[in-house]
Amino acid sequence: MEWATMRRTQFAAAIEADAVVVVPVASIEQHAGHLPIDTDSQTCFEIARRAAQATQEFPVLVLPPVWTGYSPHHMKFPGSITLEFKTFLDVLTQVARSIAHHGFRKILFLNGHGGNTPVVSGLRTKLAEEDGVGAVGINYWDLPGVPEAMRRICPVDGGSVGHAGETETSLQLALRPELVDAANARWIPGASGDARAASAEKGRALLDAIVPALVAYLRSYHDGTLEKTFDWTEKVSR
Amino acid sequence: MEWATMRRTQFAAAIEADAVVVVPVASIEQHAGHLPIDTDSQTCFEIARRAAQATQEFPVLVLPPVWTGYSPHHMKFPGSITLEFKTFLDVLTQVARSIAHHGFRKILFLNGHGGNTPVVSGLRTKLAEEDGVGAVGINYWDLPGVPEAMRRICPVDGGSVGHAGETETSLQLALRPELVDAANARWIPGASGDARAASAEKGRALLDAIVPALVAYLRSYHDGTLEKTFDWTEKVSR
Amino acid sequence: MEWATMRRTQFAAAIEADAVVVVPVASIEQHAGHLPIDTDSQTCFEIARRAAQATQEFPVLVLPPVWTGYSPHHMKFPGSITLEFKTFLDVLTQVARSIAHHGFRKILFLNGHGGNTPVVSGLRTKLAEEDGVGAVGINYWDLPGVPEAMRRICPVDGGSVGHAGETETSLQLALRPELVDAANARWIPGASGDARAASAEKGRALLDAIVPALVAYLRSYHDGTLEKTFDWTEKVSR
Amino acid sequence: MEWATMRRTQFAAAIEADAVVVVPVASIEQHAGHLPIDTDSQTCFEIARRAAQATQEFPVLVLPPVWTGYSPHHMKFPGSITLEFKTFLDVLTQVARSIAHHGFRKILFLNGHGGNTPVVSGLRTKLAEEDGVGAVGINYWDLPGVPEAMRRICPVDGGSVGHAGETETSLQLALRPELVDAANARWIPGASGDARAASAEKGRALLDAIVPALVAYLRSYHDGTLEKTFDWTEKVSR
Amino acid sequence: MEWATMRRTQFAAAIEADAVVVVPVASIEQHAGHLPIDTDSQTCFEIARRAAQATQEFPVLVLPPVWTGYSPHHMKFPGSITLEFKTFLDVLTQVARSIAHHGFRKILFLNGHGGNTPVVSGLRTKLAEEDGVGAVGINYWDLPGVPEAMRRICPVDGGSVGHAGETETSLQLALRPELVDAANARWIPGASGDARAASAEKGRALLDAIVPALVAYLRSYHDGTLEKTFDWTEKVSR
Amino acid sequence: MEWATMRRTQFAAAIEADAVVVVPVASIEQHAGHLPIDTDSQTCFEIARRAAQATQEFPVLVLPPVWTGYSPHHMKFPGSITLEFKTFLDVLTQVARSIAHHGFRKILFLNGHGGNTPVVSGLRTKLAEEDGVGAVGINYWDLPGVPEAMRRICPVDGGSVGHAGETETSLQLALRPELVDAANARWIPGASGDARAASAEKGRALLDAIVPALVAYLRSYHDGTLEKTFDWTEKVSR
């Protein structure tokens, strides 16, 4: 269910059912010459949306993607937008506090942009300890099982999500082929990975791996299993 | 043209043509029992999108709506999300700085949520003086000619944009009727104005007034006329 | 009663009587070649002081003017002082919190400088929601009835408060003629409105309109009428 | 000369003459049962004003007192207003930056409230190193020669400026006797020193010591002698 | 060479030789019942010190450990000290800016506390883009080759650095056996990993793996090899 | 007892006994050509350590020195590190809050660097009023009795602690002679006082005066006597 298009009368049931709220976090930033500027935002949101639909046992609500991400290293290429590090942290913190204010106890920041990783990976401890809010954060390419799938499906890039390379280009070819300028898909500054190796078929295979991985992750978060993996090793070392 | 779906190769021409960049600023907040949570964001974005399409003489680029708005007074109703006042200011400032960084000289913050008004109305001076960035900010319901049109088309609410009342409900009935729970459209806490007076026809009439008003505003911004109205009266008193 | 010259023993009765505390907010900034730098501060403070004296039914306490305002757009002319946007907000917030800390429940920020408007207009919601403090903010030239009076008394400037023009110059000619360099009253950069049309008589007529308007506003704030006008239309749209 | 009542045309000569700008920094805070709330602000401002008038060789401009000081420890008594520590620092920093922006090279923060001392004493290094602004800060009771005079004139309080005690009460009896509730001048919580020992005569004697001490300090600042006393001992240890 | 005990005359040669400056970043936080509070700080500093001594080709300067780390999740156990997330970021940023100010171009934040990881991992991009400072950050247990060594040497904890478990306890038994209360080394809340499996011998083996790994890392940083690994994959995905 | 090398099990007794926690605050900054960069940190820490050992009636815990001090005025000489004014305040505030969180009620910031004085002298009021934390702050050279001892022992510098002069150099000659480059001890930019007059003997005499002065201060803090000296004179004037 998409949070944005719900009416205020529709939240009570979701809160009651201990819904998981997914906040896609991404960017508006250059993606070489062949991919649209909002590649990270749309990919991440679409993965979240499909996983939410595929999860039947409990409600999963998906917010609109936070497209105001952390991309200062992309600013030399036109179209990129970035917040400062601390403002980006403030935005995610205050979005989480708003969600928790309404009674939700489980927030999953699903990250779709590498530059956001440091902040997103720190959110669990920061929100729990400084804000009293329960949340977890993970890159979609780090979901359990996904790295292996990526290596298998996109061997040219060797399992790295890269940037506008084999993986991201394949995903966009599967999701929004009309926005991909395939003729321009090649190695150039500002990209990482080889877009020429991309295909819509690979993109569909990736989605077939990532979406179920997210569903499994949501389930483990909802039923408490995930918390147990955050034992003191994680709590203390992360 | 939608900024989000452009590729990085497509910005140079727009910068060269002194494009106006429209940043829709809105909210994710409760809209009584009958309207979706993202009413302000979608209405504002759609108005901007239509005006951009209708402007042929120079490019108008429309960013995705900034849905992380200032709505603390809505937090007692579920679904509302809010930033703090200063973080909201930081976000708009840094989005503007990013846009200006690429060479754009004209940024229009088109506001669609009343709670954002104080910050948006202060952006012109703040960005010019503290950040060296050229921008203007206006509520869509304050565009020249629009207040009169609203009074004429939505007489029950008397020309006020209200909240989930005659005006906003009519606009959503015209734009996304499938998301309006008309059976619940009535006076209740958290609303302002009478949603029962709304109709899709009124919504279309409003759009027919607002979109051309925005086009005219964009033109006056692009050709320098608007700046002249910001004489010392405005510069000093606003 | 002037807050500044009271002794600590004199506040209990005022708190008990649910006094309204007026905080004049203004600036130290250039006012063309003929008006003193503190025109906004003194005008605003004097209006507040007179209204306080004219209100007999309940106590009205007037703080010294906050002369550290927001005037970055005046910095190219000597004598202007400005805070940054966020610091200005912090100052007003913390002054309000201090007042409320002592038990006062009604704070009126009376603004006398156009550049402060965005922050002052946002204070009501910001203080109520983020700080739990009751306050309202209004420009003295926007008090009910005043715009009409200004148009009538100062027709050359057409009802605008301008800057160092017909209105402000008339007010200073009525309040502190010895500080006005009438020979220099003319259209120049850094001014708005036509100071040549000013007169002490007009200034007195303006005060005769503004002071009672403020008294009426104070009464409506004290007796709860004003709050009713902040219904959901205002609460949500402003 | 009072900065506040100057016109913008009057600053060029002062800048040219390397004027010293005095910023009185004080408070609005309870002063026991017998002194007005703005005792620190008025005392400090009046000392600055008199010293400015007594200095003929070069212009001395006096700003209005910064009455938004640091007084959290007085908040348990009604009437006190305080900023937070960091906001108070921001205000003084931005006032200084504004003054320096116009070309003034010598700013003297004359402090009249003990609670402000830590921030004021740190301004010289902070402004020089972080903001590139030349300034010094001193308490009026620490001006060279003043401690000895205070011990001599106010022996009961032993040379301490105290709070609403012999010294401050004497100064107010000399400056504004009509605002002193002498019948209430006694030892009570929230005071320091013995107000019963105060007299207008002592107050006049204090002013006769403090004002010339400030004049001498201004001269040593203006002619460069003062800077030499800020040798490495001071530069490094303060 | 230890930065702290150098004299100011000794830096010029190091700057000239393009020295690498290592900033150990750690914590003061509880380490179960058997390890001292500063375990992370001392371990990290000692590793850095030994690697600096072992690097002969170019100077490596080691700052004192930044013991004011990010440990809010340890605050329920006595002795732990923590900064807030944003202050911790500020401290590392300003330390880096100070180092770069003197002309050093290569700063390595060597992290010894898991809770610091999100901030440290984000420093490279943040410092490069927002501050213009060259730096890298890495956990000592993530240095190339070290994870494998840890798995081999400390099989009970399976290669995880844990917290006060097999790895950290072994390291402290090797470095400061007199501070380890071996009788209390066991599984308890606030620990991760099995301290009972620790030994000084394992600790020495760990140091024999980690110190050379850091030397190799320093060399690759100094000769430019490391930068090449931060290609667009890393630049964009991290 | 050194806080850093304690185990978490060792704090309960200290808290129970109302221990005083000493936080040495100093710097990493140039100390002319003959003293090590960490002179202030080591001197201050060593004084605290010796005083803690000499205090038998109640526990005194000594944290590691906060070496991230405020030294912007030293940045022109290599090796100096500085925080910004507000970050330095944040660090000390958060360290104090962490200590108080565990139940300690008495924190003594012992300052060893003149540039830190403004912040440290403001901590008592700031922490008490804004953070609810009990603390005092003092420079080691301002401890009761120490100024007289310094004048007697180091007559060349006239009782000033200076910077890298007679006093500091003597202290380092007593504490760490191997790090002093006596051949370079002379008047030069960046120093204050005459290092040529220094001797290890003087340093030992200084320690013999300072350490007992600190012990006495700790005792008066622990038994409540010190608080009584912070009567309203101090509370209001400092």
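The chains carry the letters A, B, C, D, E and F, assigned in the order they are written, with residues numbered from 1 in each.
We adopt the following convention: contacts are C-beta pairs under 8 Å (C-beta built on N, C-alpha and C of every residue); 3 or more make two chains touch, one makes a residue touch a chain.
Note that the coordinates shown come from a computational prediction; the quantities given were computed from them, not determined experimentally.
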Notebook entry, point to check: In this assembly, which chains make contact with subunit A and also with subunit B?
Noted result: none
Notebook entry, point to check: Among A-B, B-C or C-D, whose interface repeats A-E's (more than half the contact pairs identical)?
Noted result: B-C
Next item on the list: Determine whether subunit B and subunit C, two copies of the same sequence, contact each other through the same residue numbers or different ones, counting it as same when over half of the numbers at the interface appear on both sides.
Entry: same
Notebook entry, point to check: So what's the Cα centroid distance for subunit A and subunit F, whole Å?
Noted result: 49
Notebook entry, point to check: Measuring from the mean C-alpha position of subunit A to the mean C-alpha position of subunit D, what distance in angstrom results?
Noted result: 56
Next item on the list: Go ahead and note the Å separation of the Cα centroids belonging to subunit E and subunit F.
Entry: 27
Notebook entry, point to check: Out of subunit C, which residues touch more than one other chain, so two or more?
Noted result: 75, 84, 190
Note to self: Based on which chains touch which, is the overall arrangement a line, ring, star, complete graph, or other?
What the structure shows: ring
Margin query: Applying the stated contact rule, could you write out the chains in ring order, opening with subunit E and then subunit F?
Written below: E, F, D, C, B, A
Check: Which residues of subunit C touch subunit D in the complex?
Finding: 3-12, 15, 28, 30-38, 41-42, 63-64, 66-68, 75, 77-84, 87, 90-91, 94-95, 98-99, 101-103, 179, 181, 184, 190
Note to self: Under the definition above, what is the set of subunit F residues touching subunit D in their complex?
What the structure shows: 70, 72-75, 84-86, 89, 114-115, 117-119, 121-122, 125-126, 128-130, 160-163, 165, 189-193, 231-238
